[in-house]
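After this come two complexes, each holding subunit A, first together with subunit B and then together with subunit C.
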Partner chain A sequence: MRLIVKVVLFIGIVCSSSVSATVKIVTTTQDLASIARSVGGEYVEVKSLTLGTRDPHFAEAKPSMIRKVYRADLLLLIGADMEIGWLPALLRSARNRDVQAGANGYLDLSTSVNLLGKSEQSVDRSMGDVHAKGNPHYWLDPNNGIKISRLIAERLITLDPEHQQEYQQQQKIFENKLALKILDWQKELLPLSDQPVVAYHKSLIYLANAFNFKIVAEVEPKPGIAPSAKHLNKLVSLIEKQKIKILMTEPYYERRSSKYLNEKTNIQIAVLPQSVGAMPEMLNYIDLFDGIVASLKQAGDF
Partner chain B sequence: MNTRTISWTLIGRFTPLFKIFIFSTTLLTSSQIFAKEDVNTELVELKKQLKQLKEQQLQLEEKLEDIENTQSKAQAFPVVQSTVASNNDLLKIGLSGLFSSGYSSVNDEALESLQAGGHDPNRNGFNVQNVELSVISTVDPYFDAQANIIFLIDQEGETVVELEEAFFTSRALSAGLQVKGGQYYTEFGRFNPQHPHQWSFVDQPIVISRLFGGDGLRSQGARVAWLMPTDWYSEIYFGAQNANGETVTSFLFEEGEDIAGHILGEKRARSFNDALLSFRWLNSFDFSDNSSLNFGISGLSGPNSSGTNNDTSIYGVDAYFKWQPDYVQRGYPFVSWHTEWLTRRYEAGENIEREILKDTGFFSQVLWGFQTGWELGLRFEKSDSNGDDIFDPFRNDRERISTNLTWRLSEYSKLRLQYNRDWADHLEENTADSLILQMEFSLGSHMAHKF
Partner chain C sequence: MSDWVILLPAFVMMALMIATHTYLGLHVLARGIIFVDLALAQIAALGVSIAFLFGQESHGLASQAYAFGATLIAAFGFAKLRELPNKTAREVTIGCVYVVATALSIVILSRSSQGMEELKAMFNGNILWVQWQEITVVAIAYLVLSVLHFIYYRQFKALSFKPDEAEENQVNRPSFLWEFLFFATFALTITLAVNVAGVLLVFAFLIIPAFSASIIIESFLNRLLVGWSMGILGSAIGLWLSLWADLPVGATVVSVLGMVPIIAILIRVFKRGG
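The block that comes next holds the complex of A and B.
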């Protein structure tokens, strides 16, 4: 019994020593973490629950995540059902009132943007992984990065009004830097304007929207459904007919189907980092688009 | 009543381990890593230079936004939470169906003792293993709740309905505490609380059937869980549940049942001392972003009804390890390893017939997700008991090797082919070979991806 008391006391001391004045932010993805770091600067501590190399939809509610959410002051999520498989279970175990849906510490960033691909007609699962609430990959439009940063700043000010000025200033700096980069990227990707391309998964519609290219087909016949030989052969004739030059895929998708199409049609494969951290050199949200642009330029040879 | 103090002795027994954990806390606390972006200095300059460009950009953008946002402008920058709960979020309903078709070298009667799990395929021919209706949601700011109702068709072709689970959990307690109450699976080990559609094999391990019966250990009660303020995940559960009923087989169970020849009498709980007490300590460690280990110890203590003052205690150790590479498509590839070891001490009979029954068993299984949607599994199990009644199928020495191949066509359906090789002395030829094909579908709300 005495041992238990000692242990409890000891743990208490260990924990009280790690208390700090910063806002503890937990994000579901690395992209949100990067933007939150830019906006929050030294007044926040940011941890992402998932790796940039993985598809956030297929994360698992690991026990270590419970600890992170338990300690958080602010939870930032992509929303639009992106985290539906693991975040609800995580929130049920995390015992943190401050970050439950509806609380000020819960911020669904899909509310900051206009979601594309909302289903007009009724959906069922024979259509594959269709997100009825809209396509959740909206961070791949850098203009949405600006909107995300504004909403994060807004919420940080609510939670930590003492640093209102700093948050506003840091958000503005981030916005200005990003706005200028967007002009650069648009210029660099001008040759891609109105060009037809093929994507592996239905995850690049925001990128296409931002840089004005056209995704005419996906390697997956339906979202999340593995391509059949028949579907691939259909793609071969489509690529040849429309003279499509670029196939875009994320680093974690299987490369066999893409290579098959490359061999048959000489379509160039652009492996696009889809998230901050998807490749080791993508340290922040701006690096991410630098990487995407570089990869597209290389594949398109322009 | 020595066995009542099981929880404390368990902690005592693991004292060295406990100390190591506490020591590592201090190490971990001092190594918090948070990346920071150093943008301030260079950007104040940039800001000046780019003011003009920026203004143009903003003008254009604002115009664009005005057009885009006409419908949703009002909630563009909500200060307080703005997610609108759809009907989906108010009540999540799911139905999962688990069916199989199996053929074995032994007949149905022998299969019943080999596949003693209530949801195991145990007939030559077709089986409806488990059709489960689950409803889950948040009650109010204070509670979450869920209910799982099971339908199955038994060997006689009768439909069975069970209230598998119905419980609430607290949302709003502080200090890392959570209370759960109702009818629920006892949090003992990793396997016991899992539902049949979460299993990695088509059947439940032998030792689980022996110690917890065909349906796993579940009963009515309440438990408190404490998420300890350590830097790694560490959680302690204490619970009390009713010790009687058909799903509490190692304890009061039901009158008329027999265990190793001892017929169970009628015995009801007279005081809190007659409750089934449970303890669990679960820890989880992330070795890197790619690999994690769960390690747990569990204990149970309660009365049994084979005599007036007889008690049962069960201990268990469980470990689960999972590895994934950096790049993962839909959760593949991965390698996972799950092992549990359980032992039971059962005071049986009275007076001259009194004896101590000891039953022990373990299983160890490896799963290899070698390609998106495809998993290969291998499981080895062994269970034995004291005394040598080789003809008691629930206490004799048994071994089993199982291997299977699972194909998840999507997140909502799977096909699984499993081969079992059994060794058991009560069988005519001492061995049995079985081949089972299983199919699962799930409808409704999205299933949780559990680690």
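The block that comes next holds the complex of A and C.
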């Protein structure tokens, strides 16, 4: 009996010490979780607050979210007001001082990249869900993935200097692998370059920037607002005039407007996964772009 | 932080709501104007939408003032309801107010996507993220309202339960003023709750405990006590379930509360049999 108690105690000590050795990271999206896993490797434990199948602008309040944030050592967020609708309330409820804004455990990755679509004039709500700080969908440019991984490595070293070398190494491996893949993807998407396309939401400007195609119109008249019949008909004439071949949309947007445009103009719909986890086979950040490229090639028939 | 600490603010907020809403629910049931609270809650939402239109932030004090102002106007209108000839006409009026208020909110917010999100949030609520400061404000307001209702217990009760008598006995005090006071306190209670808990939970707390208690037991005080117990028990189970299965808190609690009237009916049948 005593032996069992001792064994249990021993296992408990071993477990607790090995748990405390890892940095507990919580991320707002699965994309950041994937990059953090690549950089942190076995020295981190990563959990995402939202699923890649959902629109990260919104999140449903669940008890587990508070628990995750309370236990985290490091919070990674997209920033640029992406999570403005839910993260501040969650941070207040979780009451974890280590990950409050300004603390070392709070890392806003939008500071690592050059944000596009910054608004010059003041933004008000009548303009739709425009982001004053710039467009927050920056992870859709794989070059930004590299910048994100660098900043994460830097912060991990601050929090866990013991594993500085490992973090640097793992970040480098990720960066090299991604850089090679970017060349592949650029080659594959070459037929798209300088081509006009239509996007559903204003979320693909980074992808367009990375692969050099032009988004000439959005299905949504204003970000976050479903199109009216009048707006759709305007799009029909634009698509016909410019002979646009591809309409890009994300899995969680309504498909009816896109189908209507498809029926009227025969424009091909490319449903692009927008996040890691958007589809079950998309396990990491590189899978995500493999999926995007495949979907674009299929729609564009090249 | 152990798990129950995560849910403690939500539970305290729910307890405050059950305490006040069951009481008001008994009044509303006696009057037979059940949907008046949905209408008022939607009017509160309309007030917030109008605040949006004028560029106010959604959870700020200013938008609360708009919401309360809007419900106060509606309370004035509802206080006049008694002048309508029959119950059907009253329910129809309330129904119209509900539908039109909802439609107006949608029209006002159609230009702003975050506004639509706000509308959805007002329906579902996010009681999980309620802050202790918010709870304190609600608790103080509810305490004041409770004292008011305790002092004038007879007058309010007479209005809902013996309307004809009330009108005869208060020749020197116009009955309309009491009606208005009743609806105004009702409006304030609901505005505060909708802001943190959402229309769904508010409606459930108003009707379900009061209705279930009315099935089992007679007098007003007994119904209040039984309603409170059932409400608290249902909420506690709902909260536990939401934690255990990691579900959205408000909707889970409402789903569990849905079982309470069924249990009440079973108890009634069992009592008759015995």
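Operating definition for what follows: the second predicted complex is superposed on the first by the 281 of 302 C-alpha atoms of A that agree within 3 Å, B and C clash if a C-alpha of one lies under 4 Å from a C-alpha of the other, contacts with A are read in each partner's own complex, and residues count from 1 in each chain.
To be clear about the criterion, contacts are C-beta pairs under 8 Å (C-beta built on N, C-alpha and C of every residue); 3 or more make two chains touch, one makes a residue touch a chain.
From a predicted model like this one, the values you see are computed outputs, not experimental measurements.
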| item | value |
| --- | --- |
| Simultaneous placement of subunit C and subunit B on subunit A, clash or fit | clash |
| Partner chain(s) touched by A:V99 [first = subunit B, second = subunit C, both, neither] | neither |
| Touched partner set for A:E60, first subunit B, second subunit C, both or neither | both |
| Touching partner for A:A89 - first (subunit B), second (subunit C), both, neither | both |
| Which of subunit B and subunit C A:Y70 touches, first, second, both or neither | both |
| Partner chain(s) touched by A:P223 [first = subunit B, second = subunit C, both, neither] | second |
| Overlap of subunit C and subunit B interfaces on subunit A (superposed complexes) | 58, 60-64, 66-67, 70, 85, 89, 92-93, 95, 125, 128-129, 224-225 |
| Interface residues, subunit A side, partner subunit B - complex | 1, 3-4, 7, 10-12, 14-15, 17-18, 34, 37-38, 41-42, 45-47, 51, 53-55, 58-64, 66-67, 70, 79, 81, 84-86, 88-89, 92-93, 95, 97, 100-104, 106-108, 111-112, 114, 125, 128-129, 133, 143, 146, 150-151, 154-155, 158, 170, 172-174, 176-177, 179-180, 182-183, 224-226, 251-254, 283-284 |
| Complex contact set, residues of subunit C against subunit A | 1, 3, 6-7, 9, 52, 55, 110-117, 126, 128-129, 131, 242-243, 246-249 |
| Subunit C partner contacts - residues on subunit A that touch it in the complex | 58, 60-64, 66-67, 70, 85, 89-90, 92-95, 124-126, 128-129, 222-225 |
| In the complex, subunit B residues that touch subunit A | 8, 11-12, 15, 18, 22, 25-26, 29, 32, 34-37, 39-40, 43-44, 46-47, 50, 53-54, 57-58, 61, 68-69, 72, 75-83, 85-86, 89, 92, 141, 144, 169, 171-174, 176-178, 227-233, 235, 282, 284-286, 289, 292, 294, 324, 326-331, 371-373, 410-412, 446-451 |
